[in-house]
Amino acid sequence: MTRYEPADSFETPRFSGVRTFMRLPNTQDLENADAAVVGAPFDTGATFRAGARFGPEGIRSMSHLLRRYNPSQEIGIFDHLSVIDYGDVPVVPGYIEASYESIQKGLEPIHRAGVVPIVLGGDHSIALPELRAAAAVHGPLALVQFDSHPDTWDAYFGQKHTHGTPFRRAVEEGLLRPERSIQVGMRGSIYDERDWDDARAMGFDLVPTDAVRKIGIEEIISRIRERVDDAKVYVSFDVDFVDPAFAPGTGTPEIGGFTSREAQEFVRGLAELNIVGCDVVEVYPAYDPAQVTALLAANIAHEFLSLIAIQKAGG
Amino acid sequence: MTRYEPADSFETPRFSGVRTFMRLPNTQDLENADAAVVGAPFDTGATFRAGARFGPEGIRSMSHLLRRYNPSQEIGIFDHLSVIDYGDVPVVPGYIEASYESIQKGLEPIHRAGVVPIVLGGDHSIALPELRAAAAVHGPLALVQFDSHPDTWDAYFGQKHTHGTPFRRAVEEGLLRPERSIQVGMRGSIYDERDWDDARAMGFDLVPTDAVRKIGIEEIISRIRERVDDAKVYVSFDVDFVDPAFAPGTGTPEIGGFTSREAQEFVRGLAELNIVGCDVVEVYPAYDPAQVTALLAANIAHEFLSLIAIQKAGG
Amino acid sequence: MTRYEPADSFETPRFSGVRTFMRLPNTQDLENADAAVVGAPFDTGATFRAGARFGPEGIRSMSHLLRRYNPSQEIGIFDHLSVIDYGDVPVVPGYIEASYESIQKGLEPIHRAGVVPIVLGGDHSIALPELRAAAAVHGPLALVQFDSHPDTWDAYFGQKHTHGTPFRRAVEEGLLRPERSIQVGMRGSIYDERDWDDARAMGFDLVPTDAVRKIGIEEIISRIRERVDDAKVYVSFDVDFVDPAFAPGTGTPEIGGFTSREAQEFVRGLAELNIVGCDVVEVYPAYDPAQVTALLAANIAHEFLSLIAIQKAGG
Amino acid sequence: MTRYEPADSFETPRFSGVRTFMRLPNTQDLENADAAVVGAPFDTGATFRAGARFGPEGIRSMSHLLRRYNPSQEIGIFDHLSVIDYGDVPVVPGYIEASYESIQKGLEPIHRAGVVPIVLGGDHSIALPELRAAAAVHGPLALVQFDSHPDTWDAYFGQKHTHGTPFRRAVEEGLLRPERSIQVGMRGSIYDERDWDDARAMGFDLVPTDAVRKIGIEEIISRIRERVDDAKVYVSFDVDFVDPAFAPGTGTPEIGGFTSREAQEFVRGLAELNIVGCDVVEVYPAYDPAQVTALLAANIAHEFLSLIAIQKAGG
Amino acid sequence: MTRYEPADSFETPRFSGVRTFMRLPNTQDLENADAAVVGAPFDTGATFRAGARFGPEGIRSMSHLLRRYNPSQEIGIFDHLSVIDYGDVPVVPGYIEASYESIQKGLEPIHRAGVVPIVLGGDHSIALPELRAAAAVHGPLALVQFDSHPDTWDAYFGQKHTHGTPFRRAVEEGLLRPERSIQVGMRGSIYDERDWDDARAMGFDLVPTDAVRKIGIEEIISRIRERVDDAKVYVSFDVDFVDPAFAPGTGTPEIGGFTSREAQEFVRGLAELNIVGCDVVEVYPAYDPAQVTALLAANIAHEFLSLIAIQKAGG
Amino acid sequence: MTRYEPADSFETPRFSGVRTFMRLPNTQDLENADAAVVGAPFDTGATFRAGARFGPEGIRSMSHLLRRYNPSQEIGIFDHLSVIDYGDVPVVPGYIEASYESIQKGLEPIHRAGVVPIVLGGDHSIALPELRAAAAVHGPLALVQFDSHPDTWDAYFGQKHTHGTPFRRAVEEGLLRPERSIQVGMRGSIYDERDWDDARAMGFDLVPTDAVRKIGIEEIISRIRERVDDAKVYVSFDVDFVDPAFAPGTGTPEIGGFTSREAQEFVRGLAELNIVGCDVVEVYPAYDPAQVTALLAANIAHEFLSLIAIQKAGG
C-alpha cells in the first residue's frame, strides 16, 4: 500500500517545488489516503472584500513551513496518516448555485472513500456544499464553528446564498443536528439585536466572544465537547475568529478577537471528537501582505490533521 | 439653474472631504447636470483576479488630484459642463443577472435625462447592462473599445455572462452597430487562433496592438473616426489596454501594452464624436499599491469629461 | 423631523457608494442630528511619520463594515441617535496656527448646536483646536486620553505646536480641568525621566501601561470614572494606545501596547459619562497595508457613538 | 503516446488548482515531452537584494493567465509540443558549489532526453550549471543573453561564484562559443570603464542599451541572428533587461531599460534559431507587489515555448 | 589632501554599512570635497500626499546600487571628484518659514566653500531656500527645471509657501534670471488656462510635455543649452517629470510622462553647463513599494555627479 | 574623554540624518565606548525566506523613534553609557564559512576592548561567529536564547551550517556552558519528536512556549536567572520568539507566540546578569510592510542597552 507524506525538508529546501499543501503529493488516489487537503477557490459569496479564490494558493504557499510532528499534541501526523493534496474542486466563478453543485460533487467521493477532507476556502459560502456532501454520506452532522459571525442570516439583497447565510440554509436542508452544534466567537457590530438569537432559535449554541472572555477558554472547550459528544462532527474555522492583528487578510474582519495561540487551544481541544470533515476559510491573500493569515490558516489545517491522526492512532 | 463643479482646491486641500469624483457634489439631480460620474462596483464577472468592486472607491480617491482645465484639449471642463457624482448604481454581488437588471435600471434614467454617464467599473461584464440602458434610449450604438481582449468569447464554464463575454451578448441583443464599431489594442496569448476572428465575424473592426504598432496611432485614430462617423457612440476603456507597468491593478493584465500617454492620445482623438456614454473599467485597488492604476483611470474619465465639454462647446 | 441613519446593507452592498462614515448621509444639517462624525485631515504637527491627512479617508473606508447594533453594549445606535457625516473641517496644510483657527471655527457650530462631534484625525495636534472649540461652548473640560504618550512636551525644535504638545497648551489656555482629567497608557522610551512627571505636575492623573498591567483594566476604568465623575468630558483616543500589531498605521508606534479588545473594554467602560466630544487620531493609511488600523479606529468611533446613544437613551 | 498540455480554462477557472506552469501536468516523464519548464529556486549568488528562491513560485502563479495560442507568432504552442512542468531541481541554499552540482545533475537528463528545458530562476548564478548541463550533452554553445549586466566579472569579495560572474566562468570552462555569442542590453553605472571591454575581450559581442537605441531593435535582431547563425544556442533572459517600471521585482534593477513590448520583440526575433535551452531569471517576488515582474517572466517563458514550437513545426 | 570616494563593493557587499549616498563618507569636511550630497527632509509644503521627509533615506538606500563609472557619459566620477555625504540640513517640520531659514543657513557654507551641493528632497518647496543659499553666493541664477508642474502658483489656501509656489517666490526675490531659465515637462490638468502663461509672463521658457513630444527631445536639449548658455545654473529635478509607472512614489503624480531613459537623456544633455547646484525632489517612500522611484532619483543624482565630474575634467 | 550619545531630537527631527542606530555617531572608536551596536547583514544561512541582510538597515531606520530614558527600568541609558554605532562587520554573501571568519574577526576587537556588542542580524546563523568571538575573549559562555526554534539541528541538505544549526555547533566547539544555558519559547511543528530532546541532551534547559504558558513568565524569568547565575552570558533574541502578528517580517514565523510586551518582560527580567554580548536577529524588511518587526527589534536592542546601563550603574 502506498503511503503519502511530505517531501523531506532535510533533502530539498522547503521553498522548492510546486506548491502543494505541506509538500504532499498532488494526487486523487483516495484509496491510499486517510485525509485529503482540498482547495475550494470560490469567492462569489463574499459581501465585502473579494479574493478568497486565491486562499488555497496562499495557504499552500505558507504550508511549506509546516513540519511532521505536532509537539503540543505529541503526535507524528504521518506516523498515523497517509495524506494527499487532492487539488481543487471545480468551481464556477460568478455562479453560486452551479458552484455549489460542483463543490458538492467534488467532495462527495472523498467522504464515500472514507477519507477525511480538509477544505481550504474560499469564502464561507462553501460550507453549504461541504455539508451537503458530508451529510449525503454521513447523515446529519454536528457542527463546531469558530467564527466572529454566525452566518445564519436569511438573505442579502434578496438572495439566499452568500457567505452570511450557509448555516441557516444547512439547518433548513436538514444537514445539521443543531442540538449537537455550537458556534463560538461571535462579536463585532451586528445588524439587529435579533441576529444572534435567530441562530439560537435554529437550535445552535451560540457563544459570543464576550461570553468566552467571561467563562474562560477551557470551560468553553468542555462545553463544545459535551455538546458534540459522540456525534459525527464537521469543524468549520473562519479565520476572522482571530483578531485582524493575527489574520488581517480576511473578508469581514472584526477587531477584539482571539490570538493565534487561543485559536490553537480551541482546535487542540477537539481531540478525540469524531470528525468527518473540516475547513478553514476566508483567507484573502491580496490583503495579507506579510502572509500571516495564510500561515495561520495552514497551521489550523495542520492542527486538523493532528486531530485526525489522534483519532486514527486511538482507533 | 444650479451648476455643479468641483470644490476649489485653493480654498480647501485636495486631500480633504468625502471622496467624490473630482470633489464634485454627490447628488442625483439630473435636471441640472450635463454629465454624471457613476460607480458600478460589480466584480462577479471576473475570471481571474477579484476586487473590481473597489474600483469606484479607488478612482474617486485619486481623482482628487485632477484639476478643471485640460491643456492638451484646451478646454475648461466646467466652463461648459455641469457635472455630478451620481453615486453608485445598486449591484447584487454574486448574482450577475440580478445585477445586470439593477445596473441597467440605475443607468437608464440618466440617459433619459439627456445626461452623459461616465461609468466607473467594476469588471468589464458591466458593459452589457450599460449598453442595454444606453440602447434603450438611444437605439443601437457604435462602440469604441480600448482593451487588450475583445471580450467576445461565448461562454466560460458553460455560463454566458462573465467579463469575457459582454460584447458578444451585446451584438446578439442588437444593442450595437458592429459596422460602426471598433476594438483596439488586442494582444497577449489567446485560447484559440479563431478568438479574434470571431469578433470580426460579428462585424467588429478588431485592431490588435501589433497592428497599431505597424500602422501608427494617428492612423488608427483616423480609422476609428471614419468607422464611427456620426453614429451615436459608446466608449469603453478597459485599463488593461495599457501596459501593466502603467496599470498593474487590473484583473487580467497583458504585457506589451500601451503607455499612459498613448492612451491619452487615443482618447483625445475622439473629440467631436457623438458620445452618449462611456466607461473606464477593470481597476482592482488591492493590486494597485501605489495607486497608479486608479490615477490613470481617473485621468481617462477626465479626458471623457473633456470630450463631452468639447461636444457641448461646439454644439 | 429628519432622522439620519446608515444605508441598509441588505439592500445595497457595504462596498458601494461614496465613502461616508458608516454610509451615513453627508450633510451639515445640525438641526436634525445628535452626533456628527467630522474629519480633520491635518498632519502638519507630526514629528516622525507623515500622512495622517488621509486618516479620515481611511477610517471612512473601513467604517463601511460597521453595523447598527452594538451587542457588547446592548444598544441599537440609531434607535436613539440621528447621526451625520459632517464632512471635513477645512485645514491649511503646512500652517499649524491657521489650521488651528480653521478647525476651531469648523467645530464650534457643532457644539453650539448641541451635537456631539466625533472627530477623525489627523495627527494629535488637532486636539488643541478641538478643545478650544469645545471649551468655548462648554467651559473647561475633563479629559480622558488613551495614548502611549502624554503629548505634554513643551516644544519641539523651538516650536510650541506639534502633535507632542497639545495637552500642555490646553492646560495653559485653561481649556481643561486637569483634576478631573486622566491619561492612560503611557509607555515606551521617553526623552527624560521628568517627561511624565511634568504631566502630573500639570495636574493630570497619568497612568502608564506598566501601571495598568499591575493594577488591572477594570480597576483603571473605575479610577477613570471616579476621576471624571459628572464633569463634562472630552475623550481623545490616539491609536498608538494599542500595540503596533493591532495598529501599525500610526505616526509614532510604541510596542508593548494594548490589544484591540482591551481598547474596546476601556472605551466601553466610559458608559454614562457626560461626553461632549471625542476623537480618534493618528491613523496613517500609507503605513496600514491591510487596513487594520483604520478598521480599529472606525470601531472606536462606533463605540463612541454607542456611548452617546447610551447617554441619550438614559437621558 | 501521452501528450501534455494545460488544463482547459473554459472548464475550470485559471485561478484554481495547484500552481504549475500554465496549469501543465507536474511530471518528470521526459519520454513524452518536447519541452520542460523547470524551477531552479537558488539565490545564494545574489549580491544585493535576496529572494529569487521564490522566483519559480511567483512565475508559476502568474503563468495561469497564459493561454495556448500566440497570435504575434501565429503559433498554437500545444499543437506542436507536449510540455511538462518538471518541478524544481534540488538546490542547497547557502552552498553555491554544492548547488551547482545539484542543478547540473538535475538538468542533464532533460537534455539527454532531447527535451528543451525552460529554466525559471533563481538568481543569474544558475546560468553556469545550466550551461554545464547543456554543454555536457550538446557541446559548446552559442549564447544569447538579454541583460543589463554582462555578468562577466571575475570575483566578488574574493569569491569566484556570484550572479555577477557565471559567463566568465562559462568561457573559462569552454562551455560557450563566444564568437557565436552576444550580450544585449548592458547599461547603468559600472565599476570600471573596462568592465564591458573585458566581456568583449572574452569574445562576446556586447551590445549596450545605448547602442540598441542608436542602431534600432530590428537591426540588433539581425545582428543576433547572424552571430548565432546555425549554432546550438542557449538563451538567457535576465528580467533586469527591461526597465524597473516593467520589472521592479528584481535583484539589481537598472533604470533606462527596455519596455515589455521591446523585450517581446527581441525574443520573438529568435524564431528558427536552434535553441537547446533557455532561462528567465532574477525574479524576486518580495519586491513585486503587483506581480508584474512575475507576469513578464511568465510571458517570456511563453515566448520561449513559442520559439520551440516554431522550431518543431518547421522541423 | 583627503579624497572621498565610495566604499569598494568588491570588498564589502553593497547592502552593508550605514546608508550614506553611494556608500560615501558621511562628513562635513568641505575643504576636501568637490561635491556634497545633502538631504533636506522637509515635506511641510506638500499639498496632496505627505512623506517626502523620508525621501533622503529612501534615495540613500537605493543609491547603494550605483557604481563609480558612467558609461553613457564615459566618465569615472571619482577620478575627477572628491564627494561627501554631508548628512541632512536641519529642518523644522510643520514650520515652513523657520525651515526655509534653516535650510538656507545649512546650504550656504557649501556654496561658499566652492562645493557643488546635490540636494535630496523633500518636497519641492525646498527649492526656494536652496536658491536663496545659492544666489547669496553666486548671484541670480539660471534655472533648468524638469517637472510636470511649473510650481509658480501664487498661493494655496491664502498661504505664500507650498511646493506649488517656490519659483514664483524666487523670481519675486530676484534669485533667478528668468530669461536664462527654462521649465520642461509641464502636463496634466491645471486649475486655469492661465496657469502656464503666468510662468511665461514671469519670463520663464515653459515647455509642456506636449511640446516636447512634438519637437523632440534632442531639439529641446539644444533649446535648454542655448537658453542657459554660460550662465551659472541651478538644476531642479522633480521626479513627477517622469511617468508614475517609473516614479509612483511621488506627491502629485501626472500620467503621460517621460520614461526613465528619456529623463536620463535630458540630464545627460546638460554636460558642460556651469552648474552651481542641483536637486532631485518629491520622492515619497511610503508610496514606493518596490523602491523604483528612489532608484530613479538616486540615478539622477548620479547623473548630476557625472555632469560635475565632466565640468571638473574639462575645467 | 569623548562620550557618545544620540542626536537631540528636540533640535533636529528624528526622521533626519544618515540612519545610524538611535542617531548615535557612526564610529569605530572603541576606546571611548561602553557598548557598540553592530550590524551583521548576513543571510546565507536562511532555509526558508531570504533577506535578513537588510535587517540592520531596517532596524536602524526604526530605531530613530527610540528615546534616551527607559521608564520601565527607570534608567537613563546615556547617563551611564557611551554608545556607538560601529557600522557593519564585513560579510561574504553566499559563503558561510568565509563570512563566519569575517564576522568573528570583526567582533573580537570589540570584546577585547571591553565593549559590549549588540549585534543586529542577519539570520541566526551569525550566532556561531558571534559566540566564537565572545568565547575567544571571555571563555565559554552561558546562553539565554529567546526563540521559537532551538537551532540545534545537525545539518540541512548535508551541510553543517545554516540558521538551524548554530547552537549545536557552538556546543561542539566548546563555546557554551550548556549547564548555565537556557532556550525559551520553542513551539510550532517540528521535524521529529526528538528535535527538542536533542537540545536537552546537549545540556540546554529547553523551555517550550507551552511550558511558559503553564508555568508563567515570572517563574520562567526566575528559572533563567538561577540557571545563568553569575556566569558571563550571551543573550540571543530571534524575533520569531514573538507571534507573527507582532513580528511578521521574519524568516520562519511560528504562530502561537508571545506578545511584544511579554518579550519586553522577559528581556527586562535579565537585569543584573553579567551580559558580555547580545543580538537581535531574523528581521526581514521585505516582509515587514509596516515596519513593526524592525521597530520591535530596535526596542529589544534598546532594552539590551538598558540592561548594560543597569550593569554599569550598579557596577
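When the chains are written out, they are named A, B, C, D, E and F in that same order, and each has its own residue count from 1.
We take it that a contact is a pair of C-beta atoms (placed from the backbone, for glycine too) under 8 Å apart; a residue touches a chain by one contact, two chains touch by 3 or more.
Model, not experiment: these values are computed from the prediction.
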| item | value |
| --- | --- |
| Selected pair, greater C-beta contact count between C-F and A-B | C-F |
| Inter-centroid spacing, chain D versus chain B (mean Cα positions, whole Å) | 38 |
| Averaged-CA centre spacing for the pair chain C and chain B, given as whole angstrom | 40 |
| Residues of chain C touching at least two other chains | 11-13, 15, 47, 49, 53-54, 92-93, 157, 243, 245-246, 287, 289 |
| Overall pattern in which the protein chains touch one another (line/ring/star/complete/other) | other |
| Residues of chain F defined as touching chain E within the complex | 11-13, 15-20, 26, 39, 41, 53-54, 56-57, 60-61, 85, 87-88, 90-93, 289 |
| Chain C-facing residues of chain E, complex | 43-47, 49-51, 53-54, 92-96, 98, 157-159, 161-162, 286-287 |
| Residues of chain A defined as touching chain C within the complex | 47-49, 155-157, 186-193, 195-196, 208-210, 213, 243-246, 248-249, 252-253, 255-257, 287-289 |
| Interfacial residue positions of chain B with respect to chain E in the complex | 9-15, 64-72, 74, 76, 243, 245-246, 259-261, 264, 289-292, 295-296, 299, 302 |
